[in-house]
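As written, the chain order gives the labels A, B, C and D, with residue 1 at the start of each chain.
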Amino acid sequence: MGAGRLEAFSDGVIAVAITLLVLQIAVPTDLHGHSLAHALLGNWSHYAAYVVSFMTIGIIWINHHAMISRLSRVDHTILLLNLFLLMTIAVLPFATDLIATYLREPTGRSTAACIYAGSFLVMSWAFGALNAHILLRKEHLLRKRVPLTERRQTLQLAAAGTIPYVAAVGLAFVSAYVTLAICGAVAIYYAMPAASRRAFAE
Amino acid sequence: MGAGRLEAFSDGVIAVAITLLVLQIAVPTDLHGHSLAHALLGNWSHYAAYVVSFMTIGIIWINHHAMISRLSRVDHTILLLNLFLLMTIAVLPFATDLIATYLREPTGRSTAACIYAGSFLVMSWAFGALNAHILLRKEHLLRKRVPLTERRQTLQLAAAGTIPYVAAVGLAFVSAYVTLAICGAVAIYYAMPAASRRAFAE
Amino acid sequence: MGAGRLEAFSDGVIAVAITLLVLQIAVPTDLHGHSLAHALLGNWSHYAAYVVSFMTIGIIWINHHAMISRLSRVDHTILLLNLFLLMTIAVLPFATDLIATYLREPTGRSTAACIYAGSFLVMSWAFGALNAHILLRKEHLLRKRVPLTERRQTLQLAAAGTIPYVAAVGLAFVSAYVTLAICGAVAIYYAMPAASRRAFAE
Amino acid sequence: MGAGRLEAFSDGVIAVAITLLVLQIAVPTDLHGHSLAHALLGNWSHYAAYVVSFMTIGIIWINHHAMISRLSRVDHTILLLNLFLLMTIAVLPFATDLIATYLREPTGRSTAACIYAGSFLVMSWAFGALNAHILLRKEHLLRKRVPLTERRQTLQLAAAGTIPYVAAVGLAFVSAYVTLAICGAVAIYYAMPAASRRAFAE
């Protein structure tokens, strides 16, 4: 299969997932005697989680494009690893809804934050697994030759990039807010030009 | 990255967002002894907000295409500004649901209208920021050279185009209906050929 | 704008609308002491409306492709008429949910059926308006010249094709079942090869 | 119509359907005094059904691409059979929600499992019907000639591939868990390289 088809389908899934995120932000139906502004402000965790998830999926899309555009063709293993990566992206609307709902609750916030950061961690592992498969085992499918040392460096950098998510998972039991903040910081970091240059090389 | 890929992904997000708008129009489940026609007519604010939002997103899509098609390639900053623009479009199903739900309520209608017009304002700013970045800082990525005076004129015209939304935000506290009417009028104005010629040039 | 872009965006909206139809089929949550099979069978109106709407949108997609593929470029009026056509398609998940919900109710079934068939009628008018605009006013945008008599014939045939929907709207007040049956029959008719040859020429 | 357009539209529908699957996984709203982890673990049937359906739709997408990429053009019958295939895919979010909801319920689990496996069976029949139509009746639309014996073998193999789904439907009345397990095993089997080589030839 040509890499273009894989990219078009992946773009479709990522575009739907990133747009479905909005469904977790509900319009308040009962104001309990307060103002609408009060009710909307009370939902702040939904907006915060929305922004972090939207940015993260957006950056994954940019990196996904960079990864696939290196390929001239794709084989069966790439299709399957990519399908797994798409599954980890497609569940993010659920994980986002989960942390947004429980962030302000005394019960369940640690669990929700742990699952939220865990979803990002699994997604970054799925990304890394696909990238490693392409760079280490399928170099004959690459459009142009890249030296092995450079490919290894790319993967080591990507592996290092998952460390903040490991920390975010662990810190979920200290503070769910810290977990969300780390996830947001990772998105901001990758959005910065220098990091992106590396991410692009990723 | 080629501009085609950016356009395909943006098209996907915009197509999903514009189609998800329909989810805010609920089928009446309890008629309270009235006719279905009565219940449906009572939901008129949902249809009005639907039409205004659908037209606005549709026109943004047309203008987005005009903006991106000027580019031969895109860089990292364009990708990020475009992602931010897409986020402001992707939240419109929520803002539409909000104004549709509260337009007829005594409490909250001003707040809802303010947020609705404010969403459009932020979207038009995001559009303008991307356009300004392309026209003033990345002229080397344009397919063909455009004189600086013409590029500045385009941006001034676009900046003037956001004034009605500023007015719509301010007037939300006078009348939510006026706010919705202004947003609708902006969409109709940009739908007219003369304005569109400018918008296309935008 | 090239016709390809218009087609890609339209495809996106139509693909999302046709797939969102499934959201109106709810999983029964309370069986009231009956079997699940009994509850599912009681929802038959949702499956019937789903099939009719899915087929109708699918056939509109086929005809939309035939209409747009005749064009080499599109102008502003075509973009706007197409946007209006897309809006009439994007509301079909709501109209489908409406008739599915009220078909078996004593109150509201005529209204629901009238709106359902009316949605199809407006959609076919929007299609006809765009087609007439292309064939009668924008023949210079066509890929190859078509004689005026042939173009007129195409439009007359398409106009005749909306008559069943007019009948379906009128008969809604006699029987909502007849309305749904007519809408289904139209879809089956256009699915048949001979009609499709004409529809393709449409 | 060129095969590329059919593929783009089909990709859109499949991408939306596979991403909508996540909507059936609800965030627990009432913990009934238990922990969130407890509530989430209690929803395990939703995650299991999600994974099985996601993998199955993903593999259908891969096979659909292989089937359509053999064609240079498509005719009206192919369009209609493909539309029917897309309908069988688009209803899977409902069927998935159904089995996920009733798998742990004493009443209705057999019915739900029967419908779930039955949906996959009908989908595989729709796929087979389209494939048979292409390979046996429309060989003049193929990009390159394939001997009749090879084409027949492909179809026989595909027909054999639906047998597990027949078994899954029948065994629904013995155990809904066995049905879900068979559907998952089919997805895993087709994900394996050897089977995929055949599926690709399919």
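Simple rule for what comes next: a contact is a pair of C-beta atoms (placed from the backbone, for glycine too) under 8 Å apart; a residue touches a chain by one contact, two chains touch by 3 or more.
Everything numeric in this text was worked out from a predicted model, so none of it was measured.
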item	value
Copies chain B and chain C - rotation angle from C-alpha fit, nearest 5 degrees	90
Numbering shared by both copies at the chain D-chain C contact, with half separating same from different	different
Chain at maximum distance from chain C, centres defined as averaged CA atoms	A
Approximate Å spacing (C-alpha centroids) for the pair chain C, chain D	26
Rounded Å distance, chain B centre to chain D centre (Cα mean)	37
Two or more partner chains touched - positions in chain B	8, 12, 15-16, 20, 23
Residues of chain A defined as touching chain B within the complex	7-8, 11-12, 14-16, 18-23, 25, 27, 29, 31, 35-37, 40, 50-51, 54-55, 58-59, 61-62, 65-66, 69, 191, 193, 196-197, 200
Interfacial residue positions of chain D with respect to chain C in the complex	1, 5, 8-9, 12-13, 15-17, 20, 23, 76-77, 79-80, 83, 86-87, 90-91, 93-94, 97-98, 101-102, 107-108, 111-112, 115
